[in-house]
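The same chain A turns up in both complexes below, where it pairs with chain B and then with chain C.
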Partner chain A sequence: MIEFRDFSFRYREGDAPVVRDVTLTIPDGCFVGITGAAGSGKSTLTYAVNGIIPHCYPGDFYGAVTVEGMDTVETSLTDLSRAVGSVCQDIDSQMVSSIVEDEVLYGLENFGVPRDEVEARLADALELMGIADLRHRAIDSLSGGQKQKVAVASIIALRPRVLVLDEPTAELDPASSAAVFDLLATYAREHGTTVIVVEQKIALLAEHADMLVIVDGGRVRFAGAPGEVLEHSAELLELGVNCPRSTSLVNRLRASGLYAGPAARDVAEAAAACREVIA
Partner chain B sequence: MAGFLEYVPGESLLHRMNPVAKLACALILSVACFCTGNLVFLLGVVVLDLALAASCSMTRQALGLARAVAAFSAVLALIALLTTPEGAVLAPLPWGYVGTGSVLAAVRIIVRLVACAVPLFLVMYVTQMNDLANALVKMAHVPYRYAFTFTSTVHFIPVFMNDMAGIMEAQTARGVEFDGSFAKRLRLMAPLCVPLLVSSVRKTNSAAIAAEVRGFNLRTAASGYKTYPMAARDWAALAACVLVLAAAIALSALGM
Partner chain C sequence: MIEFRNVSASYDGELPVLRDVSLTIPDGDFVAFAGTNGAGKSTTMRLINGLLKPTSGEVLLDGVPTTALRTSEVARKVGFLFQNPDRQICQPTVREELLFGFTAVGEGGPDAEACVDAMIEAFGFDADAEPFLLNRGTRQLLALASIIVREPDVVVLDEPTTGLDYRECAKVMEAVGRLNAAGATVVMVCHDMEVVGDYARRVIAMTAGTVVDDGPTFKVLRRPETLRRAHLLPPQVTEVSMLLGADPALAGTAVARADTLDEMAAAVAALASEAARAAARERAALGACAPMGGE
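Right after this comes the complex of A and B.
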């Protein structure tokens, strides 16, 4: 379980807290999507989970953040990394090797994965991300999307209990983005992994996440099941979060009293709602 | 095509050699070049360098590198030419003279630097940096921290060059003309070093964090998954390089 208790954080060089008074509980195995306008504090929330703050970016840390009972301030970054796998926003900087195979091997070697397990984990991670054919390719020769898949594969190979991804589909086309989210959701279900994804594509989050967290000005404005959060599409729009059109359509039907069901997370649910209204 | 110091894939003998053996051979050849000033010997090493480059289809890169090193060492050669008054007088100077010995000293500097630089750069082009670092840690017991620093530096050179190219393209799009004399280009490029420095610091910081969250601090000499056994070809190459070194020492001892 991951817990934020009255968590606020101000970067050392900042004037004001980037995240304020966040209290949030994320159950084990939950797929959480965090979204919000640029600069709202989404990434800082994830940095608190993987320990990047305060261990790498110092500042004023108030409240507490615990991951599986480990206080992220008191636990070293290395110890936290055994439980939390992180994919950073800047993929190019994340690459420490020149070849895909070496990149995935890097973490496995460091964490001392037994030699007889390494090959299977390496192959599984590449297979899962659909990049087995890139195994011996130079990372410099890959597209941005392929690099993102390599970055995710290199973390999945470590089989962390918590997976933190900061905009993992930023350089992917819509089809590839959906495919990556499908893979992540399937992986999380099969392995009981808690997944926290910062993502701008709310439609993807709505479809795959168990919990949506909307951040604005460093505060959590909405947190809950996607259906519940998406009911507030008008407020979300004011916060700079554009809900899927299908969601907005169903919410309008709800507002006009034509439909009393839950908010639609995707086109299929919206179509079902429309059919119900017409009938 | 690979850029500066980027690995060039291949199956040549040099590609297949043990990374540490390759580096050791290159270092021995370099040391040999500094053990003697015999110009014929140094030219022989240059020929050997080019033959090695040809064996891994890197002649073009090696020649380009040799030209660059020669251009760089020309400054040192000029200083030697003007400050080493030896041999028959060719041209008098207010503080001495330029003699036949001065010319030989200048030429020797250029040939020596080319001879010792080419093998070292060849090692970079025919060896994956990760393999080199891991082999150095495993075989030569180099602390991983230092090996990682070295590989990261090499890894970031093309990244920073790309960044600089991007910044220059952005400036060009805003009307800055980078054509013209070297001095003019230098003047225009100097202010661009600030954004490059900022982005470099950010990238290296991100890389350090990325490495740390993947257990960088847990790594030991035994962590590497791949093994790098020494083969007969590696011992043979080392023996050949030691012979070259012995020849250089012998030439020096004989005063030739």
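Right after this comes the complex of A and C.
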């Protein structure tokens, strides 16, 4: 379980807190999508989970954040990183090797994974991300999308209990983005891993996440099941968050009194709602 | 006008990333290239702006092959917005960044400064701000403004909305829409199919270095074969419409043609009220036929 209790944070060089009074509980195995306008504090929330704040970016840390009972301020970054695997927004800054295989091995070796497990973990992670054929390729020769898959594979190989990803599909085309979310959701279900994804593509979050967290001005404005959060499409728009079009369509039918069911998370639910209205 | 005549291109001289592509983009068009990573879209953009020359075939700008033009000559006609604005911002202030396009080709002066002032006002920029301290969306707008200020005939945009939030995306795309309305040709690569549906009038779908479809936006995005071959997902309302249209009872109705939120909401409401009227008529008919009570 991950808990934020009255958490606020101001970066040392900042004038004001970028995250304010956040209280939020994320159960084990939950797939959480965090979204909000640029500069709303989304990434800072995840930095509190993987310990980047306050360990790498110092500042004023108020309240408490715990990951599986570990206080992220009190626990060393090394111990935290055994539980929490992170994929950065800037993939190039995460890469340390020149060959795909070495990149995945780097984490496994540094975490002291027993030698007889290494090959299976390496092969499984590459297979899971659909990049087994890239194993011996130079990272420099990969596209942005392929690099993103390598970065995710490197972290998944470590089998963290919590996976934090900051815009993992920014460089990917729609089909690959959907495929990465499908893979993450399947992986999380099968391994009971908690997944926290910061993402602008709200349609992907709506479809895959168990919990949607909307951040604005450093505060959590909405947190709950996507179907409940997306009912507030007008308020979300005010916060700079545009609902998926399928959600907006069904919310219009709800607003005009034609439909009384829940907000649609995806195209299939929107089509079902339209059929019900027309019937 | 932009013309590709049997164009093939390669980065290493061996592996072709574009294969025998022929297409024409008339002046004033608004075209989106769609397809998976590695389909050849960005390569096509680089061929238009002359950064890449074809290995065979010809790319012509207003009838002149790009191989016969210097890069600076192409740059006067074609403005190019990189996916990452930080790759093109190079000046210490917003004002100097906007002026750079003029001074770099020796065209600085009062006229250029007037254009820059107008652009600063139109976009609401802080002229003295340091570009790299602006947020990502504003840097993207600045990069776009520094292209628009030179009034190019063609604007090429490589993923103009990647990494932007909804408000930033709307600002950038509205500026692009105004530019097109003023007569500029817009050619963009865009993965966000909602943006493509909202702005582009024509879609060119690519896969493995070839064009698989080319036509009006929603015609292309409604063809199952194109969607399958180019691994595309249509905009969500179009996808809802295609799902509903597959039902024989709804095929041919307005819901099977709706591509926008307004069209779909209106079509569903109209069918719902039609269904309600039919039900009322049925009830009335049943009432008229019902046996009379009493003796």
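Everything that follows uses one rule, which is that the second predicted complex is superposed on the first by the 279 of 279 C-alpha atoms of A that agree within 3 Å, B and C clash if a C-alpha of one lies under 4 Å from a C-alpha of the other, contacts with A are read in each partner's own complex, and residues count from 1 in each chain.
By definition in this document, a contact is a pair of C-beta atoms (placed from the backbone, for glycine too) under 8 Å apart; a residue touches a chain by one contact, two chains touch by 3 or more.
Note that the structure is predicted; figures quoted are calculated from it, not measured.
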Practice item. Check whether A:M211 is in contact with chain B, with chain C, with both or with neither, and answer first, second, both or neither. Key: neither
Exercise for review: State whether A:C30 touches chain B only (first), chain C only (second), both chains, or neither.
Suggested key: neither
Practice item. Quick one: classify A:V267 as touching chain B (first), chain C (second), both or neither. Key: second
Review point. What is the contact status of A:G240 with respect to chain B (first) and chain C (second): first, second, both, or neither?
Key: second
Review point. First (chain B), second (chain C), both or neither: which does A:S81 touch?
Key: first
Exercise for review: With the two complexes superposed on chain A, say which partner A:L253 touches: chain B (first), chain C (second), both, or neither.
Suggested key: second
Exercise for review: Figure out whether A:N110 sits in contact with chain B (first) or chain C (second), or with both, or with neither.
Suggested key: first
**Study point:** Contacts of A:V96 with chain B and chain C, given as first, second, both or neither
**Key:** first
Check your understanding: Across the two complexes, what residues of chain A are contacted by chain B and by chain C?
Key -> none
**Study point:** Interfacial residue positions of chain A with respect to chain C in the complex
**Key:** 36-39, 143-146, 167, 170-178, 200, 203, 237, 240-242, 244-246, 248-249, 252-253, 256, 258, 267-268, 270-271, 274-275, 277-279
Practice item. Would you tell me which residues of chain B are touching chain A in their complex? Key: 6-7, 9, 128-130, 148, 152, 155, 158-159, 202-219, 223-226
Review point. Which positions of chain C touch chain A when the two form their complex?
Key: 35-38, 135-137, 162-168, 191, 193-194, 231-233, 235-237, 239-240, 243-244, 247, 250, 255, 261, 264-265, 268-269, 271-272, 275
Practice item. Mind listing the chain A positions that touch chain B in their complex? Key: 50-52, 56, 77-78, 80-82, 84-86, 88, 90, 92-99, 102, 105-112, 115, 118, 138, 140, 154-155, 158
